[in-house]
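This structure is in structure tokens; I'll ask about it shortly.
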Amino acid sequence: MGLNEYLLGLNNLETIVRAPGHFKYTKHTVAAHSFRVASIAQVLGDIEELNGETIDWKSLYEKSLNHDYTERFIGDIKTPVKYANKELRGMLQTVEEKMTDEFINLEIPDEFQDIFRRRLADGKDNSLEGEILAVSDKIDLLYESFEEIVKGNPEQAFKEMFIEGVKTIKKHQHCASVRYFFAEIFPELLKPDFYGKAEFLMALNRAIDEC
Amino acid sequence: MGLNEYLLGLNNLETIVRAPGHFKYTKHTVAAHSFRVASIAQVLGDIEELNGETIDWKSLYEKSLNHDYTERFIGDIKTPVKYANKELRGMLQTVEEKMTDEFINLEIPDEFQDIFRRRLADGKDNSLEGEILAVSDKIDLLYESFEEIVKGNPEQAFKEMFIEGVKTIKKHQHCASVRYFFAEIFPELLKPDFYGKAEFLMALNRAIDEC
Amino acid sequence: MGLNEYLLGLNNLETIVRAPGHFKYTKHTVAAHSFRVASIAQVLGDIEELNGETIDWKSLYEKSLNHDYTERFIGDIKTPVKYANKELRGMLQTVEEKMTDEFINLEIPDEFQDIFRRRLADGKDNSLEGEILAVSDKIDLLYESFEEIVKGNPEQAFKEMFIEGVKTIKKHQHCASVRYFFAEIFPELLKPDFYGKAEFLMALNRAIDEC
Amino acid sequence: MGLNEYLLGLNNLETIVRAPGHFKYTKHTVAAHSFRVASIAQVLGDIEELNGETIDWKSLYEKSLNHDYTERFIGDIKTPVKYANKELRGMLQTVEEKMTDEFINLEIPDEFQDIFRRRLADGKDNSLEGEILAVSDKIDLLYESFEEIVKGNPEQAFKEMFIEGVKTIKKHQHCASVRYFFAEIFPELLKPDFYGKAEFLMALNRAIDEC
Amino acid sequence: MGLNEYLLGLNNLETIVRAPGHFKYTKHTVAAHSFRVASIAQVLGDIEELNGETIDWKSLYEKSLNHDYTERFIGDIKTPVKYANKELRGMLQTVEEKMTDEFINLEIPDEFQDIFRRRLADGKDNSLEGEILAVSDKIDLLYESFEEIVKGNPEQAFKEMFIEGVKTIKKHQHCASVRYFFAEIFPELLKPDFYGKAEFLMALNRAIDEC
Amino acid sequence: MGLNEYLLGLNNLETIVRAPGHFKYTKHTVAAHSFRVASIAQVLGDIEELNGETIDWKSLYEKSLNHDYTERFIGDIKTPVKYANKELRGMLQTVEEKMTDEFINLEIPDEFQDIFRRRLADGKDNSLEGEILAVSDKIDLLYESFEEIVKGNPEQAFKEMFIEGVKTIKKHQHCASVRYFFAEIFPELLKPDFYGKAEFLMALNRAIDEC
């Protein structure tokens, strides 16, 4: 009981894998993903600041670090997309939220409950920090899925995820950090050569043009 | 598309782990669990036959072999019990069933759809075969969780799961195979010595008496 | 002692790997392989029935589910072919059979011994169910080795295994399920593109033509 | 080159293990450890705030999230203590720092270099945030090593690490969060029973008394 | 073809596990076992020399380093003893030897064949070096199985293996290195405390007395 | 204490990975690498003898078997080259040597200390045996990195390591075993086809020409 239960949950996140059954080359845990998303978010925050924006750093770090803690309850089952329509995703979201409520009510001491309710809520709102979280979450997915693509994972899903991710990030083009990402970082990511690269780039560019 | 998609799903089940984040000594996959449940079910079927019952073997094998195929859609998230009440479990069940429908409609050729609808439906009905499936599923959980207990996994959940499992099996006492299990197999399973065994047995016996 | 020993063996099969030292991308356990072979066999059984054949389902499930249980004794050492001629394979077969006898005599209660002798015997006989088992065992090997080929495993053995497997399945062309497999499922399996695919397909087709 | 190299490094941290060759039950990666330390630090920050302290949240998150990024260069070789005296640790520290400099000079664009120099420097200074980082780093080590102890890892090093960790945390007793930790969280952590617990607690209490 | 095939086999030995399905805490590969046996043998050789014996070092290293290379052909299936009598072990031995012959004839260039025939033959002869190999092989098994025992592996087989190993080593009591081992090293190995230690020591001492 | 501590260290080497965070397809342990280097060294020794050279076999085996034992102290951190200049490598070398001294003084009984000082010292001297060790160490790295290259690991480092390794081996061209390696074994190693092979071979040949 108490915060000890919360701390033990942190250890559990090291054994919960992302998109179980899909990544074949490197397994990713929710703990490591959360670390990377927070690390990406802070770099995007830097870029925004260098471009004159004001960042609420407490909010940015808090949102990004905690954005998947609730996956300790039902695991990462929303990443693989096939066969799940919007309604089903909504239902899974609801289950996760109700278990989170239950967890906070049962385990977290009263004086911390409001803090945990804020922290474990969905952070992808319309604030700049919420946008950076959404973008960082997708950038990490780009790196994870690109590794599978380069190494020859035949599952079509990774190419779709990658292109889908690029399109979602594009929607945040009005952010200086997103423009910097596409201008300076993305081309480096795409550099390695691999079998089928030409077709992949064509599909990618087609999708970008459609945005 | 087509049955190829179904066959690829069989491979996926080899990478979906049971109760992710909980088993610390041996990770169990859904594929291996399904193999064991079907193997246990056939032995319970033998015992029933030796006791004069008639077994519908096609149904028994079909129910037990396929009972967790649908976990390829959202993974094994119903095994760990904490924080999930009956309503939430019901919602997860619904999501899984709707994704199963979607999968059958999209991938399975027409002439096989009825067969797949029967096979991927919940098999734990009131038939003798349905009861044997329910019992076999729990017996496998007993073996899995007992290994964790013997080796000193401090998570209380395994002792609770074990005792809960024993109580569920007890409800099927009217089956000859269940009586045989408790008389001939269960004592062998409990034989190994481990630290804390006396307390564990006391808790176990108390729970059995309450049935 | 007793059936408990048999049930513990089921757990062991989850840790016995197929063709140890060969699969580089996904390790396959004997337990998961058995699950898949039984699952494939039931689909082939469906196809036969839809084509008017009568299936002895009890026999089909029993043969396919249990066909590798005896690998718990000496592991899976017959899959990799190099350096082993027919005589040596025969000797390994004999060792496995004698250990199986010993196991049944020592561990299995008298009233179950006949059942276990039937179940743990080689099921690949001339019955339709025996043929379906032989085909299903090879189909699973096709899926396992194709994954290695697609992902670029340089070991020539996988291509040889794949082609060898196709040739073995072809020998059962008189079965409706085999004809369906080659017409409807196999082309889907071969769809993913990979480096060296053209040469591989040429070698495959040459081998098929020779049948 | 550029920030892409930094982002790839985040992935590498998911494959760098903590104290390689020592943890036997759960392997911990530097990425997951960093996630947990930042998560612990934020809870200690909450406690301080509830006790009237002012927290520089940007600094607290930044220090804790990035405190082990530089382990991508030479791995985690400072955790296991045996055979390394203070001078040798100092030399390893120097190597790590020089490689960090080299990395920043070679890879990080000019406009970000100052930020990265601050972020990848040692954050365990005398500020409240620096103290919380030092405490959080040790609390995570307590959880990691206690798991090994409970499960019966015979390596004496874990008990020594645990006791050493407790003593280091005690030095920060003047922090409200440390007092809260020992009063409310630590007793919960110690709750599970295990073989040899009495002796362990005696050694622990003796060490605490000596502080 | 040629020595390249031999070198690739060395890599394979890194993926062949010892006693597959039995070790639960640490998996041991044949490559690592061979490294340890050769390392143990050289220390026993030192002790013999310090006691005035003459060691043929080339033979000692050669025997110990290569003693399990042939397991690349059928894996490590002779370690687990259950259900295999002397005749069956003999048959497995024969299979391994015939595959070794085949390998040398097919792959090894003529001028090296005699060397490889000597190296891949069974080295446990009556020479001092042959005895040291036999003892080193068992000492490594003691360390491997003691780890399982200390950590609470309930499989009785490890205690039997350990005691069996001690008895085999005792048979070489006339070697100074064996007497040194029991006087100076073995007591250190046995030092860690674990649940059930008293009973284990009693069984061990009883077995030693019977020698 | 005593030799037991040395023997436990052998087990640790089975859990220390080579170049942590770099090998993506097959993880290599220091124990297995040491086994392979000693096995390669003995074959090179054979070739030298067949060419009329005299080999000090005790020295050759001893050097090759023990050449990485000291990595148990700080792991394998010298393999990945980036960001570490000659000075930093020298410092790491010094740390390792001082920890080795400390280990020998603390753990190894007096009468063995001189032997261990010789064995755990750097064996890559100008003797023929020292040269063979240097070559064998690189040959193993060629096999390890070539596997990554063939399977499509996009990290440029493996191609650089491979080419660097070939150049280092070339420096020992005056050894008959090195000339044999390039004439008879290397072409076999390079045989498998992979995407990007033509460019790789061009870079390799350019580098060889420059030697």
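Order as written gives the chain letters A, B, C, D, E and F; numbering starts at 1 within each chain.
Just so we're on the same page, contacts are C-beta pairs under 8 Å (C-beta built on N, C-alpha and C of every residue); 3 or more make two chains touch, one makes a residue touch a chain.
Only a predicted model underlies this, so the values are computations on that prediction, with no experimental measurement involved.
J.: Which chains sit in contact with both members of the pair chain C and chain D?
T.: A, B, E, F
J.: Determine which of the two chain pairs, A-D or D-E, is joined by the larger number of C-beta pairs in contact.
T.: A-D is joined by more C-beta pairs in contact.
J.: Quick check: how many Å separate the C-alpha centres of chain B and chain F?
T.: That pair's centroid distance is 49 Å.
J.: Using Cα averages as centroids, what's the distance between chain B and chain C in whole Å?
T.: It comes to 25 Å between the two C-alpha centres.
J.: As a quick test, compute the distance in whole Å between the mean CA positions of chain B and chain D.
T.: So the centre of chain B lies 40 Å away from the centre of chain D.
J.: Could you list the positions in chain B whose residues touch two or more of the other chains?
T.: Where chain B meets two or more other chains at a single residue, that happens at 13, 15, 26, 147, 151-152, 195.
J.: Taking chains as nodes and touches as edges, what kind of graph is this: line, ring, star, complete or other?
T.: Contact pattern: none of line, ring, star or complete.
J.: Mind giving me all the chain pairs that touch?
T.: Pairs of chains that touch one another: A-B, A-C, A-D, A-F, B-C, B-D, B-E, C-E, C-F, D-E, D-F, E-F.
J.: Which positions of chain C touch chain A when the two form their complex?
T.: It comes out as residues 25-26, 147, 150-152, 192-195.
J.: What part of chain B is in contact with chain D in the complex they form?
T.: Touch residues, chain B against chain D: 24, 151-154, 195-196.
J.: Tell me, which parts of chain A touch chain B in their complex?
T.: 12-13, 15-17, 20-21, 72-75, 77, 83-85, 87-88, 91-92, 94-95, 98-99, 102-103, 106
J.: Which part of chain D faces chain A closely enough to touch in the complex?
T.: Those in contact with chain A are residues 1-8, 10-11, 13-15, 26, 28-29, 31-32, 34-36, 38-40, 42-43, 46, 50, 57-58, 61-62, 65-66, 69, 109, 111-112, 115, 119, 139, 143-144, 147, 184-185, 188-189.
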